[in-house]
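For reference, the structure is listed below as structure tokens.
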């Protein structure tokens, strides 16, 4: 038998302890039978701009009480396919970034060693780097990266190589992801210099600016993603700032002119069939969203991704 | 002569007592000559989720001060066709739901008996049930239902048959609406179980999920509505959560991925000619919207609907 | 050994699932060894005014992460004296008040039967009634009632006998509390009629209006409480609206002119030695407090009360 | 018979159109029998700092739904002594200040001519000037002025003689108030120049800085007020910024270090017996108060003042 | 050499004094070498509705810290083409509108006399009038006007000829703009009377209602703009309420059903090549936007417009 | 001649670039003649709890526009005694704490070398440590420390020695301050362990818990401070969380039961005559304060402290 979320049809959604999707909380040491683990990473030590993503996991848990069990379009029933649980938060402190990155990596190594597919909620975007270090297992993974920003800077603030603006440059340099099987969707915003994206392009990353996304639409872009990523294992990372600030104001570096939430949902549905071995949703910063829409959107996207992950489980 | 709203070109919009559309407040007992009555129903006793819709009528009144007199696209001048008034709020207490439903029904019976077309502002969606009981007069009405949710559950919270998730199941069971002349637009969101909508489908309800709405567009969907509803009397109910939370965060069960406000406006304009004998806009919950956008959107939709109702008055 | 809160000196306060005081969550069926149980009652079905107290337990849990282990003035270390746990929320639905009151009573009977001292977080003030029904065991308990309102109305809204304005009238009528061992502190606010408090006075309730509280001070009033309550078992109920809205805006019926938080803390410290067999903190309504101060104040008062309860445990 | 507020014990407070104190709205032309008229002045054209007091009357009306009928300390029942009504808002436009001041004066002349005692809600503090012009009737009135600021500047912004910083200088120059029967309480805040208050002192105004108010207390200061004002007719003006921003953040020129709400209430109670012929509460600026505390405090102070006015009506 | 913004890649965006685009502040008297001047106009004395645009320049400056240097689509590098600076705010007082308009005109005459292209941030829309008076130099300018409202009323509030609803009627009457080279895009919202826009149409203004904008799209509408405006000098004015309130809630007269931010950006990009001699972005009212999205959108649009202006500088 | 703030009596407070106290911005290299430098430290890398103090300097600058020139009680005119300027923000990045601390120290060494008395606005409380390192010049300074917390922990989060909970332990260990001339006022809040403050007590620090402060009052406690500090040079550090969260919700570790703003002001006035060679106000975290009260309180306290510093300048 598998874990089932507490149903909002039985216990009101505002009741009970807030866990991801109202799933049981299962500490990692007891998680032998878990297929997909929802994990919070309350850390924003890589943030060069507005802080607050450390508070993301809690509010996404809270808002995820509004989710239900079955995907309305694909019909996927993730909790019947996969044994899911809230694995709690990574124990990570906000002061020393190097130690924090090591803690995250260590946690996800344990996740990997138990063959749990991780679906994480950040935290800022730098958390993707230690996750990739932990789960790539020497393979260069494909990467579907939905974001306003390419996050392939070399350095930020003159001298810092590990910030939320650099994770995918580091990941490529470290051989964790394959730039030719990397696609970035939703990219926009003014640039520091005209060659900001040149390095990314030179590596072979496929960049889909927001204008192309709007002009071609989610369905066609979905096909491009399928083409770029192919059949090999891949990772999915969703920076909530891919959404327009009207849909997700609570984020560290809001960038005007993004996707609507529905466009993001349909884009994700276009990724069915890809072999994701893990995913994250990052940069939810509750202090900058008085209405809580950002965390609600994030919770909804986590459910969309959960359905993607569940469908492609080996046993599914 | 008919009532005219206080003009924002003469008295500033922030001045004066807040009534719907800045119309005179006319108590029901003095409303003999009123054609269309705007009515507040400050009640959220059917809410299984986030409370607060009891505060909806006041903030919609406040925001409706921003409305003017003439429809910018259709040119309809509702206040020249119809004698309109703010009939005040239904006197309804928040503690005992059965008594509250009876009070609402009684109020709308009096409205009906004075041949006033009711245009109500909720309150949660359960208020549509006693309204329908009061005004259906033994006919099975057509229903245009714009919403994120089908609201045709049998029970909520294990045992409750009268909640904001069940009104239209009850209305069909009670013979108040004709399911084959019912259309639900904007439906979305994860499901409790794969057969959540099966009962609705079996009754013959036409469901237009948000994806179909987006793909076909408001104009085509409008034609589908015309086709489903036909010429017989119908009721229009608009749950503000049909809008995306970016446009309407202040609601009880926000559901990511909805309509934009403009899409909703244009959808409504596509309903011209239908024989609506009443309408409501429900689920505006001000405590969850610090900017007040939700009530503003609701006030705008009330004006759109008022134009629809005025055009089809017998004397119009 | 006893449960210990997760220390903010080890794991950051914003990390981890939010439980009361960061204590382990122990379901009631596993709570044999628990001395003091922290319990959420997410229910506001007795609220005649602004709704939202149903969301209280979650935000108090969230804010209670800021609490630590040792009382700074009395030196009490509750977690060394008492085995404490978060027992979760009472499973209570928002639609049918009578059923909800029965559910609450049933839960607290089970708590009582396991000899757990309950420390509850509401929820609106009507929740105190079913708690008292469950734990009074035929004794008439003393009552320390800190509140802006006496809550001894006979009826609200013309006809409702069970609302958050009536619990202590019902409790006296039902023989659950002894009015001559009842003291109400902080009472204020305009009255419906000059005899609003007459019934309470006639029963022998000692009312300390806010003006008397300010003039005599927390220390003297504390002595009055000791005198009124004496040595017999008593219950402590703290309505957060006893605090001024500057300190606690998020509540159902805010009343200008209340206590400061520090005055409330010191008043509670003056209650050491009383034989409380249970307590609650109620009427925290997060939607009306954008800064979260109300829940923070409530969490702090819960800690103050926890220290009172722990000191007087039989084994302490 | 006199008008009675709609009782919150019968109709929920969140229901019905928002009028001051839930009193009937009586247009000035129908107000023959009214003793005390509550009047909104939605105008902030004299504001040199943060705008928004134009929105004050609406939110004070909204929050005044929380008031009841009988004073809890003095026992005064204003609605049994005096026939009260909400006279609506002065029709005043925000663009041309001179015209606006003329409109206000004209409205209050009509109020005076009907022997109605005006109790106004601003609007910024400049509104007191046209009120005084209308009701002073050639007498030099005493003035009880509770405020953070003396508002006796000669000019603001280099050249403007009519702003919310100058009304009482103008009123003295115009012979509307008697400076030797004027007392200003709660004055604080850094000064433009050391002689900012010199003019006021030279006129004989008694200034009670906040420090003196705190040190001597409301009771003693109340006696000072009685002494300064004496038996002759006087006007009472309460700038909400007299309260500390913790109690009233929503105001144009917040000044740290003010009164608590309870201190203000008790100060007002110390003014019983003075012959006030009118009063106002001004500078409530809702856009700067997300929790609404400021308007709630203002509504409460309006009730306190209403009791003062009612007690001293000729027929009382 | 030209001024360069402080780079967010070197100094964090939240650091340093907030100037427009993090450019140096250069007082007008030292601005000899400046090509494009960013100017704040903290004035809302023409506002007939919700106040607060006086606070616009400060929050737009704050949010403009998030902008960078190079346009992501056109590749324009404004700071390499043009010497830009923050010229500070116009010294303008909020009390006397006529004096304020004169101050604004005087400031922009000085700007014009130094051959600086002004890019202003309001303030309410009436500020465009004195700007046009200062810079039109006897030519009748073309006008690209993006807005929810036509702002060609004759009078507001019965008698006021100079409000934020009248600037372009006055500008045409004064011969400052050429109505046949004027295009208004995004117009929507209910009307006071059916002939509200008749005067505008009779002058030859091309009005693109929001429905036409949506149906034809930004690219085609851009071509229409090019056709209407032609090669002669023109002015660009962007009222932030052209955006839907979901994207820009913080404005004086929000109008449901507007553009998305991305649509606005792309519309602006379609205006490349036009000979703009100045521009403004107006009606940003921070008190009505708790999340700050409105100012962020405005800052982004200012950057878009800056690129347009820089490209067409004589020396560019 | 000395710098004078832009007067709010001449230019509206909402106008102009926001600098501390509306003083001119003078970069450090041009600051030869400056006596007192106001400095922002936008850094919260030592925060173990809620982030956001990095945004403190900007909002304190914004709110400091409300300050004026002359102290209302002491009559001190700081800008006539001392040449003051806004020296801008320390250039400090948020990623690497050690580098950040070094940057801060370096900046304040330059300040010290120019004989400028620094008055800083944080930033979190760890910033006091590098300031003390820079300005102590080998002397052990006295310390007046107003705060809810002692900040003398040895480590936080298990292993971090440099956090906002440890600065004064490090400062004592490094010989920067003299514990026997250190006084901490306002201390409160539950403890991790009963010996949390033992180290501090053993060093000879005089701790005044909030209860003692309330019981003895600001005047007596001021005398105690004078006694503890004596005549030798001292530093003043004010953590805004010394204020109750009702007065200052926007802070990293809010602690219920604190001072009122007026008590804090009067306490500071009791420190006249002490030889402060620098001061800071820290822990203002704007994202947690939707009304902005916290920054306003901080700006007011900065003015109070500025008066203290100015009076004791060597040349004063």
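Letters A, B, C, D, E and F mark the chains in the order given here, with residues in each chain numbered from 1 onward.
By definition in this document, contacts are C-beta pairs under 8 Å (C-beta built on N, C-alpha and C of every residue); 3 or more make two chains touch, one makes a residue touch a chain.
From a predicted model like this one, the values you see are computed outputs, not experimental measurements.
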Note to self: Test of understanding: which option in A-B, A-F or A-C shares over half of the contact pairs of B-E, residue numbers taken as the match?
What the structure shows: A-B
Check: subunit C to subunit E: how many Å between their CA centres?
Finding: 55
Notebook entry, point to check: Taking each chain's centre as the mean of its CA atoms, how far is subunit C from subunit F in angstrom?
Noted result: 38
Note to self: Give me the residue numbers in subunit F that touch at least two other chains, ranges are fine.
What the structure shows: 11-12, 14, 48, 50, 54-55, 93-94, 156-158, 244, 246, 260, 288, 290-291
Notebook entry, point to check: Chain contact graph: line, ring, star, complete or other?
Noted result: other
Item checked: Which pairs of chains touch, using the document's own definition -> A-B, A-C, A-E, A-F, B-C, B-D, B-E, C-D, C-F, D-E, D-F, E-F
Margin query: List the residues on subunit D that touch subunit E in their complex, please.
Written below: 44-48, 50-52, 54-55, 93-97, 99, 156-160, 162-163, 287-288, 290
Notebook entry, point to check: Given the complex with subunit E, which residues does subunit F contribute to the contact?
Noted result: 11-12, 14-19, 25, 40, 42, 54-55, 57-58, 61-62, 86, 88-89, 91-94, 290
Checklist line | Touching residues (chain side subunit A, partner subunit B) in the complex | finding: 7-14, 66-73, 75, 77, 244, 246-247, 260-262, 265-266, 290-293, 296-297, 300, 303
Checklist line | Contacting residues of subunit D [partner subunit F, same complex] | finding: 48-50, 153, 155-158, 187-194, 196, 209-211, 214, 244-246, 249-250, 253-258, 260, 288-291
